[in-house]
Amino acid sequence: MRKEYCGLFGVYGHKLAGKLTYLGLFSLQHRGQESAGLVVDDNGEFHTRKGMGLVSEVFAGKDIEGIEGSNAIGHVHYSRSGQNMEENIQPILVRHKDIPIAIAHNGAIAHSKKIRRELEDDGVIFSTDTDSELILKMYAREKGSRKKRLMSVLNRLKGAFSLLILFPGELYAARDSMGFRPLAMGRKNGAVLFSSESCAFDIEAADYERELEPGEIVKVSKDGTESFFLEKADPCQCIFELIYFARPDSYVFGQSVYEARLNMGRQLAIESPVDADIVMPIPDSANVQALGYARQSGIPLEFGLLRNHYIGRTFIAPHQEIRDLAVRIKHTPIRKAVKGKRVIMVDDSIVRGTTSRKLVSMIKKAGAREVHMRISSPPITSSCFYGIDTPTKKELIANRKNIKSIESYLGVKSLYHISPSGLKKACGGGNGDNFCFSCFTGKYSL
Amino acid sequence: MRKEYCGLFGVYGHKLAGKLTYLGLFSLQHRGQESAGLVVDDNGEFHTRKGMGLVSEVFAGKDIEGIEGSNAIGHVHYSRSGQNMEENIQPILVRHKDIPIAIAHNGAIAHSKKIRRELEDDGVIFSTDTDSELILKMYAREKGSRKKRLMSVLNRLKGAFSLLILFPGELYAARDSMGFRPLAMGRKNGAVLFSSESCAFDIEAADYERELEPGEIVKVSKDGTESFFLEKADPCQCIFELIYFARPDSYVFGQSVYEARLNMGRQLAIESPVDADIVMPIPDSANVQALGYARQSGIPLEFGLLRNHYIGRTFIAPHQEIRDLAVRIKHTPIRKAVKGKRVIMVDDSIVRGTTSRKLVSMIKKAGAREVHMRISSPPITSSCFYGIDTPTKKELIANRKNIKSIESYLGVKSLYHISPSGLKKACGGGNGDNFCFSCFTGKYSL
Amino acid sequence: MRKEYCGLFGVYGHKLAGKLTYLGLFSLQHRGQESAGLVVDDNGEFHTRKGMGLVSEVFAGKDIEGIEGSNAIGHVHYSRSGQNMEENIQPILVRHKDIPIAIAHNGAIAHSKKIRRELEDDGVIFSTDTDSELILKMYAREKGSRKKRLMSVLNRLKGAFSLLILFPGELYAARDSMGFRPLAMGRKNGAVLFSSESCAFDIEAADYERELEPGEIVKVSKDGTESFFLEKADPCQCIFELIYFARPDSYVFGQSVYEARLNMGRQLAIESPVDADIVMPIPDSANVQALGYARQSGIPLEFGLLRNHYIGRTFIAPHQEIRDLAVRIKHTPIRKAVKGKRVIMVDDSIVRGTTSRKLVSMIKKAGAREVHMRISSPPITSSCFYGIDTPTKKELIANRKNIKSIESYLGVKSLYHISPSGLKKACGGGNGDNFCFSCFTGKYSL
Amino acid sequence: MRKEYCGLFGVYGHKLAGKLTYLGLFSLQHRGQESAGLVVDDNGEFHTRKGMGLVSEVFAGKDIEGIEGSNAIGHVHYSRSGQNMEENIQPILVRHKDIPIAIAHNGAIAHSKKIRRELEDDGVIFSTDTDSELILKMYAREKGSRKKRLMSVLNRLKGAFSLLILFPGELYAARDSMGFRPLAMGRKNGAVLFSSESCAFDIEAADYERELEPGEIVKVSKDGTESFFLEKADPCQCIFELIYFARPDSYVFGQSVYEARLNMGRQLAIESPVDADIVMPIPDSANVQALGYARQSGIPLEFGLLRNHYIGRTFIAPHQEIRDLAVRIKHTPIRKAVKGKRVIMVDDSIVRGTTSRKLVSMIKKAGAREVHMRISSPPITSSCFYGIDTPTKKELIANRKNIKSIESYLGVKSLYHISPSGLKKACGGGNGDNFCFSCFTGKYSL
């Protein structure tokens, strides 16, 4: 199964569609820094801009001014697995009977390997490793109207997908029946916009309308928007969007990410209070959770670590001694804030534990008297089967050690993970059963 | 007068001197993003790596692995003024009588144009626009020992300078007699390090030893370190290092930047309390001040704005409508945090007021009921004559409008700047007279 | 129909296969300067190096040292038609049931559009505009052994093709039944090599073994080489390979190109003698023909034009006046050689006549008293249907004007084209009926 | 002493001065492929375009369209010696008392090290290794008018130089008193042009006027042209310009290069006839000499070697076995032309003998029965002291071996070098004493 944690953005019916998509991808950059691309429909002619790297890098050498067309879809890509990456940059554009079709995909088709093999047995050849190509190949073999063909293909797919598909004059947005990945709809002066997260609408000065429902397909054409629905399934929305992936200024699954994280911090303070001098976040992913913990506990917040945002993906560590120093390039301690203090460090999650260990050691060297760690997710014990590139079970520290030995490995006086029920409560209360918790439970719906 | 707000880093006596300098420049990146360079002394052979752009960009294509030599100096550059920029990238390396000399400079020589003209009248030709070259040319015309020549040149210079000068086997670090720009000394396993800010020592796992005294020249050679002193002058250290320039994890002028900013926030809350629901910083430059204000006032801190760190210098705004959206690319409001709230926005300073106005409007559109602005510096009424690229007096909003009309321009219910005496108190109490306040007062020591 | 005048190179069974292919492409560079690529079989793992531009440009930034594997195929591409060129760079590499297949193609499938449409009707999607992809898609839908599937596909193709197909551990080389494009086989220490022209074997220090027969497929595997044959057809080898395309140091269709061109020059002197002072070639394509003419006629050869080989594809003509001068950048007259002389200019062919006209004018301005033009091909009156990118019939000067008016257009005192029978004689005598003369006759075998 | 075999081009008084200079540098590319640059005077503002590589590479990424200004000078550079090459790319541009001055130089100042040291003793610092900078620094220290200062500096220089110096509104062209390097003057619609070789005027559709006299300085300003003269010296023009450096379509030292080389070939045939079947050149440098030999001797010319012009400077030889093949990439034998023949190979010169040896071996392997070598220069026994980058005396094969042993080393049946008197005769008869023969004689005028 392919790992695809990515960002989607689409525009229908705006004369600056390509430029708005370029802008939208900037605000989804946190969802994928490996490659970026967009395809514009310029009155039936499709034009592509694509490349490896950040949005700013990919489009620096390309002619943005010259992107014409009123409909567009774009994609930022995350995963590092896969060879021949140039070929895999999305959106994937093909031509079938002289009609261009572009597709961008966020998610992972659970049985893609199997379908791929069946098609190959039937004489189909693949040029890329993407599920996007798989969907296109399935689509081409269907008969009937676009809608009919699309429904038929998507109903056969099992797994997580949010999709944008661009035909000349038509844009389809689709979300799988479990609703695993988010996909929101917005409006800007009559144009219809789609985005993995609502934050992209803010930078466009567009209005957030709503999240697509699980299993909903929205078709936009010159006749307006129309919705169809795939076969029903139990909702299963990725809880990690709220814990870590999404930006705090986004609404995801209809929920404010900021509020959810503030609640997680408060909940942690309720579930696991500790007598300490300061609360500090691992920046920037746990900033809001730490604020919530501090507010609930009454213990002052301090910024005990500074994150250097200039590092980027291009840091070269040219010597072992330099490589050993590299962790300090990204985070440095603020001695004045932590010296002599009993510190509560708040983080979003622990995966292998190696970075956390280095950060704890750094804070202690900077003078902290003791460190307590509070984590806004339950222990991660299982790999994700819906597209996130988690390590194997063996590498997950929560699988290898009990809490006591993790505390000792990290060098902290105490370690506490939020309870599953506390997390659900933080993320909207009764709504909590709509989330996928399989990385904590090892139980999968598929 | 040239504008030079930059960063310096130097190493003497470490086998990885070039690599440590490369690393050090990463942590000084906030002091200059326009160009970067380093020169290494490899047993008397000097090698250069230089280029336009961020440290990560400049060195990406260069051979870092191959930088050999045990002494090195490096520089990051800030200002955008000046043509033929490639030539001006520091350090400047020349060869005089077959002996290489490299120099890197942070500051501005007040009368450099005049000295330059006198030398030209005497048949000297300049290849760059830098004060570094000017100092080298003056040095070459002196007689006597290196020390004697250097002392003679530096005693004749008026203005702000922190300097690193590399000869084969010798490194000089110098700070002008007013101590305008910082320059710190550190140690790592016997090697001597210099840095504009102490934060660079942290990422090297080196020890911060002390700030150079105003007027101090430290010579490092195989015989160890030795200090000389330039003619005395009244100390005049740039207060904006503590307000804005330096990183909060640095010690500058012997003072914790984090602590100073926390104090500024507290002081603002004491001087100008306001009945409101939340305190929020303009990220990231006022994060610590906002924390101080919240703590002193008891009003809860919220992160009301999110800063997108992926933007970089390369954002292309390909259309007027897109350009109008561009401010949102850097900052987006977190609606959940500000909606319906009476907001205290804390910022470090107001220059022209244009960005502040856009941010206030953004926060209000996101639902804030009213906005109060608190600024951790007094009103800026005068240009800087010591090297910072401030706008002309006419462009400074504090010169053009009184507080009432600035409040109305910004759209805030109240605006308050910290008092000069409050600022001094925040920055170390009685020590306050050692600072340069000329951008607030219009009074210059030179 | 696609235009594909290109070069192929392949190696089976040499530990430096990728590097030898890189080298081979250098010597086939004249057959295609638009893009270059190679695929190596490294024990079943296929690696690709590809890009737009000259071989030297394409591979400059790529890691040649790191290309491992003992079998390889490579391609240089010529035509400028087609959009989305990056996708079209050959060899095309796909994976079918986890088995990589790479294909490189020189030629043009006459009815490719029709087959493509039939496949699309059956649900096939194409990612590129290449015949290579078409062949792969046809292959994937066949059943049986590789050999059986390949024979079935190739027997259904009409048109010109020389092909190299690389499977893990197997390399197939194929030439269409008409033998339109050349494809030679060589040996180097047990390794088997294939090349569009034998000249590539010379730079590899390899031995030229023979040309593949029309309709021959050579399979190379660890068991050695084996030949199969496609259905028979009348030979129809492109005469322009001998007139212009191939390098004079090559053997093509079993014939020395150098000798053929020398014969063409001699034949021209026999068919159309003229009283003149000097014979001069248009360099470099008619150098050998001019030598033949001079030798047969006894009139001295002079180098009347100098060709600047530094121009390349990247010349920018930034202003109309500069553009008008641009033809002189490629060719300049040698005044001393032509001044006051009656000149016989020898060229390989005339297409539109525009360049010839400029060169004649240049030679006359340099002082030539009169110019006679002798052409080593019959008048081109028809477009090529087998893959060469000739202009439309309307643009061909031989279609629009008779000899008299062409003479007057070019500004020459006399113009003579070699006779078809003379050309056949020059190219090997009785063998002449094996050639395709359709661009002179308008008669096509398909 | 610095090695500077380069090309100069300048334009005064043409609205496309920069573009014409760019074009001119293309036709001087053979004089220097390492770097290229130009400076334009746009009404007193000087703009620069510079870079490492071929003219086509250097200017590809630069904005040629935007180069405005009516006066310009340009330079192509040859030598590979010298570090920090970026700094050394000419023209060198400085600003003295706010007035820009640009200089480009072809030649070598014999005692530049000594002058440089004297200036350094007086406090002067150098930024580059170029003689151009030296001349500028000397100029800046003079007093009086531009003309007076320039005359004073140039009269003190010993050695070879052709110079172009651009001031706002004024252009100076100068040739040293010995006339070592060529420098020609041309006209195009009222504009004045300068070029190292006249061939550049041909591509500009400009008229060749004359060569500057040895010791002549031409000043061009809005008042027209004016000539001054440096102190007299015995003429000493580099004979290798006629033998090898200049293009055959150029006039150099007032002499047709083509004619001189044709004469050299004829003279060789007279001095050293041989009973053989064919005459062949080493392409392209001995093409014309071979033609002369063939014509005089009556032995047929053949093109026995083909030169691949696509190689460029970027060929990467990634493995020893590949490196061994590399000589074949540049030259391949035409078997048909040499097989079974007694061959006379004509070349311009022999330096180390290593390449000649490989080519002889290649021709013999291609079937030549015997090879005789005829060289259009006398044996090179001494290094050049006027700027050409010849090997040390020890490396010169003519110093290490006598003719018999060179014949045996090269594998030729006979070897003959043109006689000094024959060479003089070929290059203009009685005029012969004006040439520098020091690389043949070891006697230097300085």
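We just call them A, B, C and D in the order they show up, numbering each chain from 1.
Keep in mind that, in the parts below, contacts are C-beta pairs under 8 Å (C-beta built on N, C-alpha and C of every residue); 3 or more make two chains touch, one makes a residue touch a chain.
The shown structure was predicted, so the numbers you read here are calculated from the model rather than taken from an experiment.
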Item to check | Both-way neighbours, i.e. chains that touch chain B and touch chain A | outcome: none
Checklist entry - So which chain is the furthest away from chain C, centre to centre on CA atoms? => result B
Checklist entry - Distance-wise, how many Å sit between the C-alpha centres of chain A and chain D, to the nearest whole number? => result 61
Checklist outcome for this item: chain B to chain D, mean C-alpha position gap in Å, rounds to 50
Checklist outcome for this item: Whole-angstrom distance, CA centroid of chain C to CA centroid of chain D, is 36
Checklist outcome for this item: Touching at least 2 other chains, the residues of chain D are none
Item to check | Pairwise chain contacts, counting only pairs that touch as defined | outcome: A-B, A-C, B-D, C-D
Checklist entry - Given the complex with chain B, which residues does chain A contribute to the contact? => result 16, 19-20, 22-23, 26-27, 29-30, 33, 54-57, 59-60, 64-65, 67, 199, 202-205, 247-249, 256, 258-259, 287-288, 291, 295, 300-303, 306, 308-312, 314-316, 318-319, 321-322, 325, 328-329, 332-337
Checklist entry - Which chain B residues qualify as touching chain D in the complex? => result 48, 84, 93-97, 117, 120-121, 123-128, 136-137, 140-142
